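In what comes next, chain A is part of two complexes: it sits with chain B in the first one and with chain C in the second one.
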Partner chain A sequence: MMIPLPLFVAVPLAVAFIVPLFGQKTKSAATVLANVATACLLILAIYIMRTGQSGIYRVGQWSIPIGINLVLDGLSGLMLLTISIVSFAAMLFSIRYMEQYTAKPKFLSLFLLMVAGMNGVVLSGDIFNLFVFLEIASISSYALVGFGCEHEELEASFKYMVLGSVASMFILFGVGLVYGMTGTLNLAYISKTIQLAGLNNGLYFALAMFIVGFGLKAALVPFHAWLPDAHPSAPAPISAMLSGVLIKALGVYALVRVIFNVFGVSIPIGWILITLGVLSMVIGVFLAVGQWDFKRLLAYHSISQMGYVVLGVGIGAVVLAQGKDPAWASLAILGGLFHLMNHSVFKSLLFLTSGSIEIATGTRQLKQLGGLAEKMPVTRTMCTIASAAIAGIPPFNGFWSKLLIVLAAVKAQFYGLAAVTVLVSLVTLISFLKVQRYIFLGDLPDNLKEVKESKGSMAWSMGVLAGLCVVMGILLLWEPLREQILTPAVQVLVDNVYSSKIIAMP
Partner chain B sequence: MEKLLLTLIFVPLAAGFVLLFTPAKWKLLHKGCGLVISVFTFLAAVKLFTAGKIVFDQPILDIWQVKLNLLFETNHLNTFILLFAMGFGLLISIYSLKDASAPRQSNFFYGALLLAVGGSAGILLTGHLIFLLIFWEIVTVSLYLLVITGGTECRFAATKSFAMLGASDGALLLGIGMIWVLSSGTFQFTGLGLPTDSALSIVAFLLLMLAAVTKAGAMPLHTWLPTSGECTKASIMAILPAALDKLLGIYLLVIIVKEIFLLQSGPLSFILSVVGAATILFAVLVAMVQHNLKKLLSYQAIAQVGYMVLGIATLTPIGIAGAVFHMLNHATYKCCLFLCGGAVEHVSGTAELDQLGGLGKKMPWTFMAFLVATMSMSGIPLFGGFVSKWMVYQGLVQMESQADPAAGFWPLWLLVAMFGSALTLAASVKILHSIFLSRKPDHLRNVREVSAAMLIPMMILAFLCVFFGVFYRIPLKYFIYPALNIERETAIMGSWNSWLAVIYLLGGVLIALLIVLLSRSLLKQRSVPTWTCGEVQPNDKMIVPGTHFYKTISSLSPFKQLYHLQEKEHFDLYNHGGKIGLLFSGFLKWLHSGLLPVYLVWTAFGLIVILTVLCNIW
Partner chain C sequence: MKGMTLIVKTISSWVKMLVFLFGIYIILFGHITPGGGFAGGVILACSYVLIMLAFGRDYTEENLSLKLASKLDCTGALLFIAIALVGFMYGGFSFFYNFIQQEYLAGKETAFKLISAGTIPLSNIAIGLKVGASLFLVLLMLSAFRPSDSSEKEN
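This part shows the complex of A and B:
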């Protein structure tokens, strides 16, 4: 049975407008409803991955270049699955965690709006709708970052909003330029026009706009400055969503889709991606290792880890553009996309553990913590698993994707890039050793003697993600799963049959 | 047999992983599980050792030219080392049964112990580089998990060891990637035999070498060993840094030199010799002035790695065989030394040498085991260490026949090696005096010999030290020579006959005893307390601590500066790396001023650069 694709947008959107109707007394009903919505999305996403569906949905049965269409292919399927997993876990976590805030139904509503926006971005088949959904997700995330309404949170939210609006403006400008040059907004038709007529300077200008705009959303260095303020300020489940999926769906996914499937790869574009990736990796990780605020440290790591993803994709782009063996490009892109999935799981888990620690101790300053290993064994276990995963320790998921990226870099004879990847991985390891050392080892400060472990939904949602960190290696190693989830996504980018497939549709 | 091989590797790994997550209170389960599984792995290793060649090959992943095969192969070398590795695992789990100073978190201790055992088995048996890397990192993680059981004071040591070993693991990964390219797409290293002629292959060799020597504990990334030695429980030091890490590091080095690359005498072997010689010289000098028993033993362990590296660097059959034999001897005596040290710490509660003394009479068995192990380490004839060191020396002498000019440095290496051996003895005398001889401090009046569970492993190891010294032909002829494809009759130079030596030595001891007995009965003796001019001196003031033995050397001119720099940790790459990293990090933090306009300028700058590149406006 073909699932109507708009469900991925309609379900969260509808529930988002229902939940604010619940008052303070019936907020538990709103919580249940929101959780049901994310659970439904997860089931839908798993279902479409299982049946291996790919397809196009024409809204209102309008024919393709005229009407709005939603496209599901390997890449958007992978993104949908990632978004659904993280939003399910984050929503589960917020059942208990968000009790400390007052306006819970509003939070739920904004959360679901953000999910609707992200699902829309990854499904949208035309660039203007992509922009619209991107704005829905962005604007709800501005509000969520400032949800605590404290001084610092509002400041961070403001900075985020300014830079985010700049990004949106760039993207909109790019959309306008593209429309002017090609006369269509449908991604497939833009791509066809470009393939026929080639790129001119106007389109290059538009591409630069897109790279900067999506780069800002993805927080790649030097467009990253909003992230270390915004991600730590949000409530923990929202930090998990922002670092876990928002920067990927709005930034990396859109960037990769536009470059690979619309504009086509070329050597300078590939090198721009590699440069952005390496800068993000190196600068992000060195900023992270000097931090003493746990969430801020994690936020900088998000920049660094996104660098891995972009580096992998960039190596693939350069190899493709050079006309070398496409197998090397596939390997690099596989590494990048797999790292994207892995990062969304372990980073959201890390942010959830940071929330668990903050709610128990009231602080997230590493120097004020210590010796929590015995007081919070569950959180400790989860945090250790996630740290091992992000540091690339086998057999956890991060190891496999980093291994692929390093191997691809070596194979494409970018030895320097491989060395940088390994170095950044080492610094990541050191900074998470620091986290372990200052939070969980050592002596328990006197004011933390009465600390209580997180229970219930918080522990469960962390457990789900930690379990994924342990077993996700099989996505790569077990062939049936790999052929269902990862390989189609890689093929979408390498084979570049996106436009011809859609145009050939009846 | 294939099933046995797989269970030998994966049962300890799985059990270890599960044990980590069990509550710390279930001590009985942890101990039982640890003991049963280590007995099993030992028996399985014996079975594999006696069985013929086994190959297990299961393709796991084959995408886009990346082929991962779960490949295990047995041969003489790896099953022989495996036997030892599993044996050490078994001895440690017996020893830890009664060790009350064992860590409180027994789930971590036994879980990580099993991970280390399973990981080592995996490293030794696998024939696939990626799986070698995976097991290699599992062993690194298990060291971290073991060190953090030491409590608050260990958290720095744990972080440092993991960071340094993590760096070497990264080097290994990079090197493996390069070998993958060099060998045109295969990760199987058996009989690869790459030449070291291109820049890429030289870099790959150096990276792999760094990984191997760091695990074994040689310079330049050696400092994790003493730092963790100072605070960690002796039983932990005995199993990982002293025994398994040595076996694995030197095993990898042999594999690199003999299988992955076909190393010819030249600049690379010269670098290897320099690493070996520098490690010996530096570490013995530092070891001499240490005050903490475990730290001293750690530095000595580093020094002994130098012999193995030097032996391999000779590239002569006898030198390499000597290195492998020394590796086994070293693992045996060093494990024994740490276990004895653990027993001393167990009864006295301290490992500081100037708070110990006179334990020889109270703990005769420990004393004996310690004495035997020390003599083996110092290379005294009739003990295992002598034979293997002799073989290394002989390998060095044989370098004379090599055409390469770099091989002409052999007299220097030989000098350093012999000098190092003498200094090792000097440092050992200091330990023996400080712990077992000298005068007993008051607080040690009530100590007793440790229980049998702790003594038996020490005794077995001490026995092995003697066995390898007297019957050195058995391991050499039947195991080490075939494992390295060396002719069985490769002679050891000179007319060394261990039986003759045994008879001479026993005769000497008998004569000495006779003299003592005769002098006791013939001469009149009078024993009186020390005369202190009538003043009553407390017992503790009358002790001559061994820590003062080599003060003269440490105040001598070139050594004084050396020790000074060592005290300030100038030889510690971890510190330097950390400082550079923090400097860079501080600079970046300074750039992130939090001002919105600055961030907007960065964005604009990025846009301009990207536009320039894309639109070709140069």
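This part shows the complex of A and C:
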């Protein structure tokens, strides 16, 4: 059976508006409802990946260049699956975690709005709708970052809002320019026009606007200033969502979609991506090593790991544009996309463990913690698994994607880039050894003698993600699964048949 | 005395209903004249802003409480999604399918009449409710913050 694609937007949106109708007394019902919604989305996403469904959905039965259309292809499917997994785990985690805040139904509502926005971004086949959904997701995330309403959180939220709005402005101007130059907003038709008439100066300017706008949303290095404030200030499940999927769906996915499927790759653009990627990797990781706030350290690592994704995709773009063997381009892009998926799993797990530690001890300063290994064995195990995954230790998932990126860089004869990738991975390892040392080993401070381990939904959701960290290497190694999940996503970017597929639709 | 002078209060109490009615008119005729759900919703919220300016915040909250406004807000959004989802029942799972126009009004002379354009007037009503209630809430929240802290520091 074909799943109607609007359900991915309609279900979270509808539940987001039902949930605030529940009051304080019935908030457990609201929690259950919100969890059912994210679980439904996860089931739908898995079903779509299993049946290999792909297709174009015309909203309101309007024909394609006139009406809005939703497109599901390999890349959208991969993103939908990632978003569903992380939102399911984060929602499960917030059942217990969010009890410490008032106004839980409002939190659930904003959370689901953000999910609806992200699902819309990855499904939209229309650049203006992409912008609209991007704004839905961004605006709810501004509110969620400041959800605690403390001084620091509001300040971070304001900073995030200003920079996020600047990014949205850039994207909107880009959309306007593209519409002026090509006369259409449909991604496929823009792509067709560009293929026929080529890029002119206006379109180059629009592309620059998109790179800056989506780069700001993805927090790539020259545009990263908001992220280290915003992500630590949010409640832990929201940090997991922001670092896990928001910067990917809004930033990297949109950037990659616009560059590969709409504007077409060229050597300078590929090098811009590589430069952004390397800068993010190196600067992000060196900023991270010196941090003493656990969540802030994780936030800087998000910047660094996004660099890997963009680097992988950028190498693919350069190889494609140079006309070398497309197999190496596929390998690089496969590495990038696989790392995107892996990063969303292990980084959201790390943020959830940070929430678990914070709720138990009341602090997230590494120097005030220590010796928690015996007190919090579950959290400790999860945190160690996630740290091993992010540092790229086999057999955890991070290793495989980093290996792919290094291999692709070597095969494409970018030896320097391969060396930088390995070096950054080493520095990541150092900083996570520091995390392990200061939180779980060493002496237990006196004020933490009574610490209790987190139980119930928090432990379960961390367990789900930790299990995924261990087994996700299978996605790459076992061929049927790879053909089902990863290869279609890579083909969307490498083959560039996006526009012809949609325009050929009756 | 809370609020503004007697003159302002008297005039506002005359004008508020007219503004409110005008908002409803803009919403209901949104599909055949300029305007629509958003514009009408803003005008609805404006009538409450008028009351808020003339009579003060507490009086407004007695008139339309925060809870009720929040519920209206959610109802508006839910109605809009419900209208979109009803299209699923008419063949081929089409979201936002204009089922009234296609199934019931097809072929009829409805141009420039109030009952025309299928689901669009219904969606306008839903949007009007949503925009009116949420803009009212925004303004109520903005009026809740008093700059007392900062002025004390300056002194």
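Please note the rule applied: the second predicted complex is superposed on the first by the 506 of 506 C-alpha atoms of A that agree within 3 Å, B and C clash if a C-alpha of one lies under 4 Å from a C-alpha of the other, contacts with A are read in each partner's own complex, and residues count from 1 in each chain.
Heads up, the rule we're going with is that a contact is a pair of C-beta atoms (placed from the backbone, for glycine too) under 8 Å apart; a residue touches a chain by one contact, two chains touch by 3 or more.
None of these values were measured; they are calculated from a predicted model.
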Considering only the touch criterion stated at the top, classify A:P395 as touching first (chain B), second (chain C), both, or neither.
first
With both complexes overlaid on chain A, does A:P20 touch chain B (first), chain C (second), both or neither?
second
Determine, under the contact definition given at the top, whether A:Q61 touches first (chain B), second (chain C), both, or neither.
second
Of the partners chain B and chain C, which touch A:W292 in the superposed model: first, second, both, neither?
neither
Per the contact definition in the header, classify A:Y47: touching chain B only (first), chain C only (second), both, or neither.
neither
Broader residue contact with chain A after superposition on the shared chain, chain B or chain C
B
Across the two complexes, what residues of chain A are contacted by chain B and by chain C?
none
For the complex, which residues does chain B have touching chain A?
21, 60-61, 63-66, 68, 130, 133-134, 137-138, 141, 148, 152, 155-156, 158-159, 162-163, 166-167, 170-171, 173-174, 177-178, 180-181, 200, 203, 581-582, 584-586, 588-589, 592, 594, 596, 598-600, 602-603, 605-607, 610-611, 613-615
Using the touch definition up top, name the residues of chain C that touch chain A in the complex.
70-71, 74, 77-78, 81-82, 84-85, 87-88, 92-98
Residue numbers on chain A that touch chain C, as the complex places them:
2, 4, 6, 10, 13-14, 17-18, 20-21, 57-61
For chain A, which residues count as touching chain B in their complex?
159, 162-163, 166, 170, 201, 204-205, 207-209, 211-212, 215-216, 222-223, 225-226, 228-229, 268-269, 271-272, 283, 286-287, 289-290, 325, 327-328, 330-331, 334, 371, 381, 388, 391, 393-395, 399, 403-404, 406-407, 409-411, 413, 415, 418-419, 422-423, 425-427, 429-430, 433-434, 436-437, 441-443, 476-477, 482, 487
